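In the two complexes that follow, chain A is the common piece, with chain B as its partner first and chain C second.
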Partner chain A sequence: MSDIFKSLLGIIGERGVSNTPEELWFYSRDPGVLTPHLPDFVVAPKTTEQIQKVIQLANQEKIPIVPMGNGMALTGLVIPLKGGIVIDMKRMNRVLEVNEKARYAVVEGGTSQGVLKAFLQDHFPHLRHSLPDAPPATTIAANVALHGQGRLTQQYGFNSDMVTGLEVVLPTGEICRIGSPSLGPYWFSKSPSLPDLSGLFLGWLGTTGILTKVGLKLYPNKKMRDVELFVTDRVELVSEILYKLTHLEMLEDINIWFQPMPLVFKDNYHITIYFTGDTEEEIEFKRKMIWDAVQEFIDTKDAGFMGLGYMKGTLLETPQRSLAAFADVPKGGGFEYSGPITLIEFFPQYAAKVIELAKKYQLLYASSARVISGGHSMMFSISFAFNRADSAMMTRVKEALSEATEFALDMGGLPWKPNFVEQKMTLERMDPNTRKLLEMVKKTLDPQGIMNPGNWEVS
Partner chain B sequence: MAKLKFNENVCNTCPTADCLVKCQYMKFDRSEAHDEMMKIVRGEDSRVLHDCVTCYACEEYCPRGAHPYYLISERREEKAIYTAPRPITNQWINMTQMQGKPMIGAVSDKALSCCFIPALGELGSGEIFKDVASAMVLGAEFMCPAVHTHFARMSVVKERLPKVVNNFVKLGVKEVICLHDECYGTYTSIAPAYGIDVPFKPVYYMDFLLKRLNELKNQIKPLNIKAAYQRPCSNRLIPNKHHLVKEILHLIGVELPDRKYQDGNALCCGEMLRAVAGYKVANDIQQSNIQDMLEVGTDYCVFNCPACQTSLSEKVSKRGLKPVHIIDLCKMAIGENKKEVGGDE
Partner chain C sequence: MEWAHQIEHADIVHRCFRCGYCKFPSDYVDFNCPSYKAFGWDTYSPGGRMWLIRAWLNGEIETSPHFAEILYSCAACDNCKEQCVFPRFKDLLPEIFQEAKEALVNEGKIPPPVRDYFKAIAVNGNPYKLPGEERGKWAEGTGLQHFSDQEYLFYVGCVGSYDEVGQKMARHVGILLRDLGISLGILGSEETCDGNEVNVLGETGLFANLAEENIRQFLEKGVNKIITLDPHAMNAFKRDYPELGATFQVFHFTEILAKLINEKTIAPLEYRTKVTFHDPCYLGRHNQIYTPPRKILKSIPGLELVEIRRNRDDAFCCGGGGGNFFTDIIGQGEDSPARVRFREALDTGASILAVACPQCAKMLIDAAKAEGKEDNLKIMDMAEIVMKARSK
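== the complex of A and B ==
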């Protein structure tokens, strides 16, 4: 037994440490197309202090640390590219506090989206958080660490914008609180009126520290939720339609999607419009406002509302399971996407690129986009399904996604939760002084370069 | 391609112009109605071509069997005056394309047609359908294309209908029991209007239902409920069959109180109105219809067409009415359906 393993056992306890090949196999991969790489150890801590001790040990031994939520980012962010210790956060899964009147929750760093959703449903049914369309086992801390989005992103911005405070174990082992909890017991603000230190951790993909507590804004959970599906066959109208819809300032979420199969979806661009209300009157008022907002496109016969029928239940699911169903269309359950953040006005160019890539690489596509923050930007997902047993198909997906990222960067877009290759592509195009600043921050926080190495590596 | 057999002299000499005078969505006096119809007959523009909501009712209102609705739809297509937005129209054309994936049961001389509506497969089961359920056919290959009349795409109807008929012929069937009014209406109204031969006997499911209920009379326990009936647009193509609803419901102890929007005055469910005339018109019509159901003290809203049921179920439920298909009511009456109507198992 190695000294490091013995030390980890001493810190975490027998049930929270493993180096068995079968367990390391699972922690060497994620559901995407990147090549797996084995870690040396896996630990599942239960406290912040245990994490602190593991990081101190890692510094002492100069061994990499890879923090992991549920490992569902699809872009290999938890693949231990240089081995080391994977810190699986799932045993730190408690909801620590809900401040009902100030509408925020504080959760441990491994708390899943499903746990918080269920907790709120049971104890605070009139409150909700911005639930992503990822499986419920994905974690809140990982989601904000990669600037995730959710059901309320159209209204309130990225889920990382909804953070109200952080507790972080720094790469050098210090436990640090960010925002209002650094001064008192309340978790209502991650920055104002202080310097915004949350930016040292949000978007860094676990390379600058481990989030052990997250404060998160909660929002009113209206009693009713409804959906309309507006379709057009003129891609150039999509951004205009979205402009009209976002002008309403009353919609929960707006998703745009297109796919060639089944035939009911062929040749059309679908705009799913979600809205909420506490009464039937509120719902019908909003529905009428939505129809009025886009009436001009109906009058020209260029767009119209689709009868939802059996689809309504699927569309109203949170999170939606239809993505998982898409992943298995070619059988083999593989699914990955490049999801650049970009301007809505570029929707036609991105849509054309998806179709071009699918044709070039002989892949099945389904593309969707989510409006962010009232229309300031969108996340455009270039998604491909693949068969995990078909290595040639996986290679084609990898190449197609790489080309998609090149395209997004050419268009001035920002790759979302980029894999290590896409991070390099991004850094190469970044303003040199910005890149230098990133390097300075990273070196300052993580002088030994032990945090999730291989990611956001400037030098 | 088949052509509408239209005798313009029938309209020219019509003493009533009921096709348009009785229209519930456009207002005409008799003189204007006659003039507008004759414009359509002559191939001229008419406000009807722009304002018709495609409720099918003029097919019933015409006392002389002239097929005004088919003519209106033909003229609209000729003049490219389309009803619904283009992506909605094309969506229907795309999704109902034959893809070589029909479901075909143990068909011999009879087939039970579920059109392109899987829900009909579930309805066409149990004791009532025990001898024909296994002969179920489902899929675009067996879908009557009447829905495309809503979009003034008569060319699609004319292109696909002979293929659908031929698909049945290839099965070797002598009878096709149609679980959807639209199918029976297509084979007995649209096909003859276009001179398309239907070499099998279409059987209307309500005829089948009535016959079976009479055979099962001893098992019927009257339901003793009050209901409103939502008449579907396609029943306007076969108005001579409308009486069957009352006979069936009477047999199973369902009272149909008289209401304003029944029989010839029935209102559209709103599904196609939404696409053709917009949310406001559809919503107004639906609300008027539901209010009318409530005012006569009904507890149930009985459907004939699954599309109507999809369109109205949620809305009638929210107003306290239980939505139910007429076949499910019949199953309940013979003690078969344990399902609480409008609710979960």
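== the complex of A and C ==
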């Protein structure tokens, strides 16, 4: 038994450390298309102090550390590119606090989206958080660490904008609190009126520390939710329709999707409009406002509302289980997407690119965009389903997504949760002084380069 | 010798996305896969298991004691089948796990407790390594008749025959049904293992022998209708035996009790107490029997039925399924499913935890002891509760 393994056992205990071929194989990969790489050890801590000790050990031995939630980014962010220790955070799965009146929750770093949703439904049914459409096993900390989005992103911005405080174990082993919890017991602000240190961790994909606690804003959970589906076959009108809808300032969420199969959806652009209310009157008022906002497109016969029928329940489900089911359309269990953050006005160009890529690489596409923060930007998902048993198809997906990222960068977009190759592409195009600043921050925080190495590496 | 691993559904194993829906109940309140809850590694979740089976079929990992432990820690509770988002594929998950275990059986690379379990069944006809003659001892003093031409065979199974908790439950059920006028007989020392766990653990050859022998005996004795004590036995009789030619009508005892309540044969007296009910996986998710036990409890005047947070098709398994009752591969400890489930039942504030399966009963009684809370929540079987209500 190696000394490191013994040390890890001493820190976490027998059931929390593994170097068996089975765990190493599993934790060497994610469900995406990137090549796996074996870790040396996998650990599953239950406390911040255990993580601190693991990081202290990793510093001493110069071993890479890779934090992992549920591994659902799909872009290889939890693949231990340089081996080392994968830290499975999911045993830290508790909701620690809800401040009802200040509307925030504090959760442990491995808490899943599903657990927080259920906890709020049980104990604070009038509160909710911005639930992503990713499977419920995905963790809140991982989601904010990669600037994830959720059901309330249209109204309130990226889920990382909703953070109200952090506890982080730094790459050098110190436990550090960010925002209001650094000064007192309350988790109501990640920065104002302090310098915003949360930016040292949010969006860094686990390369600057491990989030062991996250404070998160909660929002009113209205008694009713409803949905309308507005459809046009004129892609050039989508951004204008979205501009009218976001002007209302009253919508929960807006998603735009298009896909070639089943054929009933082919060549149409579907704008799913979610809205909420506490009374029927409020719902009907908002419905009228929505209809009024897009009436001109109906009058010109360029667009119209689609009867929802059987789809309504599916669309209102949170998280939407049917999205995961897309992975099995080619009977292959694989699904990956590139989701650049970009301007809504570029929707037609991105839509054309998806169709072009699908044709070029002979892939099945489904594209979905989400309006962010009242229309300041959107996440445009270029999604391909693949057959995991077909390695040639997986290679084509990889190439198509790489080309999609090139395109997004050409268009001035920002790759979302980029894989290590896309990060390099991004860094190459970045303003040199910005890149230098990034490098300075990373080197200062992680002098030994042990945190999720291979990611956001400037040099 | 190099083995080319093979299972019947090898061609679809890659379709698991490992999205993790299978780990949860429908509202995501906690992890609902017993082995994942106990071990905490993704490899012990249904998705992890599925991905490892694929790696093993592809020769990327070898058969090992740890791989076998991962497969055999599955409690066969069917939560994954209930929650997986892929239509049709989801129905095959338990079969794929069972096929992989069968392959390990064929390779002779199964965990020692599983091997010992099979051996005990093969040699003794029961996992307790006790003589077959002792199988009917549980009924001594009850006055229950040997099966001859009664309407029902009351089949108690291995746990009901040999385990102290199971025997008590078998006596309660047998006596109650008889007292309510049900025409039933038992097989006593002639009874043998139903094989449900043998099958789930992958010893399909042994299972076929047991099933064929049981079917032969039942036919020879003129059995048409069977009441089982154990939902596991009911599952084998209802779901697997017909493939081997069985045509018996099979009921769980709670179905019979609920029918008697419907017919007003049972008229319970007032029993002021607060009760919660644990859904056994083989009664609930496997066979969709959720209403009868609740109907029985609700028929008792003064009895307040409160549900455990996770109930019906979201119920959390006690961890005894998939042979773990005997092999204990999931193991003990604070995160063991039975202790988690007992704590969840305790949270209801009930005084009684009602059980309908002898395996669940034993698991939860042991969990109550481990938690040091035997006095806070009394575990009673459904028949015992009805008997108490009738004697008030």
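Some points to look at:
Simple rule for what comes next: the second predicted complex is superposed on the first by the 459 of 459 C-alpha atoms of A that agree within 3 Å, B and C clash if a C-alpha of one lies under 4 Å from a C-alpha of the other, contacts with A are read in each partner's own complex, and residues count from 1 in each chain.
As a working rule, a residue touches a chain if its C-beta (ideal position, glycine included) is under 8 Å from a C-beta of that chain, and two chains touch if they have at least 3 such contacts.
Computed from a predicted model, the values in this text were never measured in an experiment.
Touch criterion met: A:231 reaches chain B, while chain C stays clear of it.
More residues of chain A are in touch with C than with the other of chain B and chain C. In the superposed model, A:325 lies in contact with chain C only, and not with chain B. Legend: residue contacts after superposition of the two complexes on their common chain; A:334 is shown touching chain C, with no touch to chain B. Contacts of A:26 after superposition: chain C is touched, whereas chain B is not reached. By the touch criterion defined above, A:303 reaches chain B but does not reach chain C. On the side of chain A, the complex with chain C involves touching residues 15-16, 18, 20-23, 25-27, 31, 42, 44, 70-72, 88, 90-91, 93, 112-115, 117-119, 121-122, 135-138, 321-322, 324-325, 327-328, 331-335, 387-389. The residues of chain B lying in touch with chain A in their complex are 82, 84-88, 90-91, 94-95, 97, 99, 271, 274-275, 278-280, 283, 310-311, 318. The part of chain A that touches chain B in the complex is made up of residues 231-233, 262-268, 280, 284, 287-288, 291, 295, 297-298, 301-307, 309-310. Contact residues on chain C toward chain A in their complex (touch as defined above): 12, 14-21, 23-24, 27-31, 39-43, 48, 51-52, 55, 60-62, 64, 66-67, 70, 85-87, 89, 309, 333.
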